[in-house]
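For reference, chains read A, B, C and D in written order, and residue numbers begin at 1 within each chain.
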Amino acid sequence: MGGVIGIEGRKDAAGLVHVGLLTLQHRGQESCGIAVKEKGKDVFNYFTVNGLVLGKFTGDVLEKLKGENAVGHVRYPTSGSKSGILDAQPFIFKSAHGNIAIALSGNIINTTEVRDKLAKEGAIFQHSSETELIVHLIAREKLPIENALKKALAKIEGGYAAVMLFKNKLIGFRDPRGLRPLVLGKLGKSFVLASESPAVEVLGGHYIRDVKPGELIVVENGKLKSTFYAKPAARQNCIFETVYISRPDTLIRGMSVAQARMAMGAKLALQMKGIKADIVMPVPDSGFFAALGFSKASGIPFEMGFVRNHYMGRSFLRTTQHMREIVAKLKLFPISDIIKGKDIILVDDSIVRGTQSKKIINTLREYGARKIHFAVTSPEIIAPCFYGVNTPSKKELIAATHTHDEIVKEIGVDSLTFITIDNAAEACGGNEGAKGFCSACFTGKYPTKISKSTLEAR
Amino acid sequence: MGGVIGIEGRKDAAGLVHVGLLTLQHRGQESCGIAVKEKGKDVFNYFTVNGLVLGKFTGDVLEKLKGENAVGHVRYPTSGSKSGILDAQPFIFKSAHGNIAIALSGNIINTTEVRDKLAKEGAIFQHSSETELIVHLIAREKLPIENALKKALAKIEGGYAAVMLFKNKLIGFRDPRGLRPLVLGKLGKSFVLASESPAVEVLGGHYIRDVKPGELIVVENGKLKSTFYAKPAARQNCIFETVYISRPDTLIRGMSVAQARMAMGAKLALQMKGIKADIVMPVPDSGFFAALGFSKASGIPFEMGFVRNHYMGRSFLRTTQHMREIVAKLKLFPISDIIKGKDIILVDDSIVRGTQSKKIINTLREYGARKIHFAVTSPEIIAPCFYGVNTPSKKELIAATHTHDEIVKEIGVDSLTFITIDNAAEACGGNEGAKGFCSACFTGKYPTKISKSTLEAR
Amino acid sequence: MGGVIGIEGRKDAAGLVHVGLLTLQHRGQESCGIAVKEKGKDVFNYFTVNGLVLGKFTGDVLEKLKGENAVGHVRYPTSGSKSGILDAQPFIFKSAHGNIAIALSGNIINTTEVRDKLAKEGAIFQHSSETELIVHLIAREKLPIENALKKALAKIEGGYAAVMLFKNKLIGFRDPRGLRPLVLGKLGKSFVLASESPAVEVLGGHYIRDVKPGELIVVENGKLKSTFYAKPAARQNCIFETVYISRPDTLIRGMSVAQARMAMGAKLALQMKGIKADIVMPVPDSGFFAALGFSKASGIPFEMGFVRNHYMGRSFLRTTQHMREIVAKLKLFPISDIIKGKDIILVDDSIVRGTQSKKIINTLREYGARKIHFAVTSPEIIAPCFYGVNTPSKKELIAATHTHDEIVKEIGVDSLTFITIDNAAEACGGNEGAKGFCSACFTGKYPTKISKSTLEAR
Amino acid sequence: MGGVIGIEGRKDAAGLVHVGLLTLQHRGQESCGIAVKEKGKDVFNYFTVNGLVLGKFTGDVLEKLKGENAVGHVRYPTSGSKSGILDAQPFIFKSAHGNIAIALSGNIINTTEVRDKLAKEGAIFQHSSETELIVHLIAREKLPIENALKKALAKIEGGYAAVMLFKNKLIGFRDPRGLRPLVLGKLGKSFVLASESPAVEVLGGHYIRDVKPGELIVVENGKLKSTFYAKPAARQNCIFETVYISRPDTLIRGMSVAQARMAMGAKLALQMKGIKADIVMPVPDSGFFAALGFSKASGIPFEMGFVRNHYMGRSFLRTTQHMREIVAKLKLFPISDIIKGKDIILVDDSIVRGTQSKKIINTLREYGARKIHFAVTSPEIIAPCFYGVNTPSKKELIAATHTHDEIVKEIGVDSLTFITIDNAAEACGGNEGAKGFCSACFTGKYPTKISKSTLEAR
């Protein structure tokens, strides 16, 4: 995933991008960064750092990030396994065009082919990230920047959204299938581009519309120019953005993610009509809205049987077996008098490897749950994603390697229901209806060519 | 508040106390610390640090915290305004008895009197915290440690719970009114003392019982001795532990806090019987369980109209007015299509100054809420607490300075309902019924003498 | 050792003390701290930190250290083996007298007796340092502060110098024998107290005089009052202050330490009259001035055969034997074409364990030195110091356990000459002549009583 | 300047390079880094960091730096004004040849031309350093790496020395004029390349010879291959390496720098034959060895009138004018009783802007010096350096803008003597005699073409 934000023509550009990144933090915790450009100066002020946004951009740092145009990034390591501070975006490049700052979320799938071709022509590479490729491709075109960028983008395939600074321009673009999200918003007279709408709203701005698949947006001196660098292919929005990546308050297809998830819960309630239970409860926070929707549609009371511990992190001692077991339990704490003796419909957003679900279900059993019916708001995941969602390889996906009955047995539930692909699409369709979703991870049918080597690498 | 935990006779004592402190983090974020004692050595290994528990007790640190008996503390600054690292507990003292490590949560109300008397006798003080007083009082008694401690505790008044290490003993005690909580649990053959039950359960242990008001517990070599240092006064449990301090999964009077809060919501639903609304929604996370209870009792659908941003903190730039406004909004994000055009019953746990409530209600109005009926699960707070809850002075308490109608107007709601004292007590009573709660903050009638100077200081 | 500085009546008091501490850094690298008092406020602003002064007192920190009176400290761990941040001075105490900040360098020898007595009376202790004892003793006296302090100091024995803040006073005192140094200086209208004179001069101030043994100085509102809390005992200045502790530019007895060391070198040249050599060279930096004095007195050319590496520290990898050998060499690098084939007079300030000297002499041999005559500007050290110099126990002192010939053989020199006690005293006597030095470490005759237990602890 | 070191075929390669960097620290304090390659793996393990070497390469870091071949770098910012962590070397690149790690000290003077040409061909740049250019030039050649490197180096001009890792090779090269130093050494069976000889000796290895101007050295599996990529131009060693850059124990032309500096002092003594004085003293540490040589040649006694404060740094408060004056004095402390009433010959290595000299001379006057004759071991500096020595622009050079008499007046001395170019060359000539030095900074005659734009930029 990863998240991006850019703003044009604000004196407090870095401060605003900083706040925007805080609202996009869930899209990437590996590293973060901001690059800013002052009008009339041809250098960027920038700061990148490993880890969370909070606490890194101190007053001292923000004071140095002077300039009216700014882009920011939060990184989630999708490709490029060995990552370090050198992979923290935005990246800054000098080229014959001039200086460029770029931040990209998502994934490019023909990286190897493009990189090999460039290397043969004498290019050198310093990042494990593929974002560098785009700048190489731009630099090789002697056209004006926008045309150079269009030619460059025509050579890459994938699911991505990016923001760029060049001279006095803020530039944004989204992949031709719309796999990764990018929205356009406005704050006063300034345009804002961001991965999710709350990053605009938190600033006091408002959402205008989604950037369209294959659209290239250039903002300069408060004026916006929209062109397309690719014929819009059949739209292929990533349904996982709604299922679990995005914030509940993010608007996708004109509807909040919270509403879409409640609708998925309601669809599951229909699918599971015959099943009786005392309570519906979510795996927090991922299954929350779906469980609420299920409860309303079914009439089965909604309960919160787990407390999620938000102070937890990954950085502590697991020297003994006892300690390892403790740590596994730290994030979700059961409330015994809610669970004990109940027939439960447990709602979560997905089953990937199945290990996490198994642990949670074990804990419920320990605390006295009677029957457990597991309702899942994504269909069976049977194939890896190459467009920026960090699913593991096929052989690790439980639904790719086990039958339905085997999964039921493995994770230890009384019944298991996955939402159907159609129901998921209907629930998430919003103002554009049930069409135009990528379903590669449920079907193994990818919307782009995937090279054999890429496929086999998973 | 603050939180404490102690364990006796485990080789991994520091590691266990560390995990326990993570589950008590909500009771104090100012500083934290662990002190450990190795059998047969008369020094403590200890580490105290400002800020959150997470990330501070690295492998290197825990490795040095060798020993079988350990106590830990999370600090919330109730008294002693200017605090620094010197105030981080546990404190370590040398005395004629030997070395003592102590950690105390809560508040002692006759600090000034005791300190003045001790100072006149030549005592010197290094901490702003009152915990030091107890050790001074112990050190002045030539009796065996337990008797010395009893005599010391007889001289102080307040609401507190503490754990101590002395020679091979783990010692715990709770104030004679039971104002602050302390529970006894067991992990294998080892006894555990902690402010809340989940700190025992997370370790794989189980809750045995509450430490009784005025009880002094001494554990040595796996054996527990219980005596009383004060005649149990009329029990005066702090109802705010249930209303908002404790975790939802904590057991108080044999019932989970989550259940008690749902019961309070149900009581409020009865109090507000005539009021019509489209949805019930909580201020997250504080009003969550009460809103759920309200919804069930009233039949009005439960909705989650706010997203709470858990990545937020306090440490960032507010240089401009615009930035200050943004920051105010960062923690709670409204979901517009849930709120818009609705008549809402909004549920929260308390109104203290009223400013926070006012902001939230304003936001709801901005996002299109029609009517807002505010339901609050604590009665009107009209008097400060001197027993460890950090309420402000009387003149800052909105319910102490405004009539009901003035509050309604000030915070901008259509109606406002506080739970009655009796309903709150009934809902929170658990296996001991509606009696035995301190209601000082609702009535101004304090269970102990409060010196004039202390009263006036507020 | 350790070092102290105090200043009264300057708006930039903390900044000045900070710079003063930088010039006293050689007296202690363990921790450092500054405490400041604002007129009319009865609290101290203070900051203590482990490690070197440089880089710790940032603009942010110094800005908070508001006030006109300030004291500072650099700590060298003489007693109190397990030290932590809690032992970083200045210490801050509350007592019946009021608030006190105190910083002390040196050592108190009857710590155990005083502490035991105080503990029996009910005192409690939080620091491993003995500085706390003085405050306990003050607090027990109901007299005005100065009288209380005098009575307190009458109860302790040792070699020390201290600065204190109390109300609007800056207080300083020096042990009755003058074992540890303290000077009085003036900066504009403000008095300054410091362990060494350059700490005054660097501020643009000037040295007035040494604080006298047993003198108590109180400065308030620019006025100085001097009294004595002890009959001046026979003066017993520590000759090691001149031999190696103090800076070369420090004035002791009206003479720079550099001049005294050159005079010691000249005395050694006389003692070694018959010995022939090509060059005189120092062990840098400790033997530098003595070697220069030796060269002038003897006519043998001075050379610098070693480069001292000032970027080195202690914090690096010694995993292999090869690495350990490398690290041993890192601090002193020989210059081969200066050493090769030469008969050398090597000058250093002292031989303690002998291991360091042995390494250096080995290196000289490796690089082709022919003969090595070792000249040492302190007499044989045969007894530990209890007054603040960190010499090891008797059994580790090579001169206490080996004959002259055995030392010559052990460290591998052709001849070895220690300065005589009389020559050392004459060279260091300055404007007070050869009398009044403590020679305990050379003779084992201590100027104070030393309890059997203290003696045996070494 | 900057410094480099590389080693081939040692299991503890990173640890050794780390120690080597400590001995090269004086060549660059801006940033440092180490890159290591494990045999049979085609990735580098590397770590770069801002600031000093000491304390950065902890056990944890070194443990990750596995591999048998390693290169290291300390950076001094000669070009590329705005530098950040991205400019810390070694740089790591991917290219069609494979992965390359490179570290370069010195300066390339046709950077702009080469960069513009590459940019026109589509290259992009990420560092302000010119080291990146070499890798671009290599990557564009389809020849084997050594040939590609030779073709690349033929296109650049400047004074530099570099080390590289590629596959299992350690590669080193030095500019065709030998402006910047690089030596070849051996440690057991392993070859070492380093900027100065002590970096080899500290490891227990020994100096073999200087790398020759225009020489390309490739070491693989313990075997060394030497070729030349440029006809050796007329040798042009930078005399400033001897005058002030290098360590005193570094061997240049077979002689220690200490000896060469003493010889320069002796030459100056001859030049100043008629001048009478009581003492000769250096500006420490830069004038130390020359002052010693002057004393021996002239018979005027050597004295050390300044103490240099090694704990000082740049990072502290200068809020007031008084503070600014204090800080200026902090590094050098005068010893009054050495200076007072003396006629002094003061020796230093150079006068650049003259401001530093002026301050020192002022201080001597304040402390009572009578006459001051200033002897300088470099000729008048009248032109900037473009080969890696960080001299300022012409208009800031006092000797370029003032007559001799004006300088005497400006800095406030009684007489001023610069060493002659011939005397300097003779003193520094070592085993190769007085020829083959670059004297551009004394004459303005540069050994290479300097483009008009480069010249004008200064």
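The rule is short, and it goes like this: a residue touches a chain if its C-beta (ideal position, glycine included) is under 8 Å from a C-beta of that chain, and two chains touch if they have at least 3 such contacts.
This is a predicted model, so every value here is computed, not measured.
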item: Most remote chain, CA-based centroid, reference being chain A; value: C
item: Rounded Å distance between chain C and chain D, as computed from the means of their C-alpha atoms; value: 37
item: Distance from the mean Cα position of chain D to that of chain B, given in whole angstrom; value: 61
item: Interchain centroid distance [CA atoms averaged], chain A/chain D, Å; value: 49
item: Multi-chain contact residues (two or more partners), chain C; value: none
item: Touching pairs - complete list by chain label; value: A-B, A-D, B-C, C-D
item: Complex contacts: residues of chain A adjacent to chain D; value: 43, 82, 85-86, 91-96, 115-116, 119-126, 132, 135-136, 139-141
item: Footprint of chain B on chain A - complex, ascending; value: 12, 15, 18-19, 22-23, 25-26, 52-55, 57-59, 62, 198, 201-204, 247-249, 255-256, 258-259, 288-289, 292, 296, 301-304, 307, 309-313, 315-317, 319-320, 322-323, 325-327, 329-330, 333-338
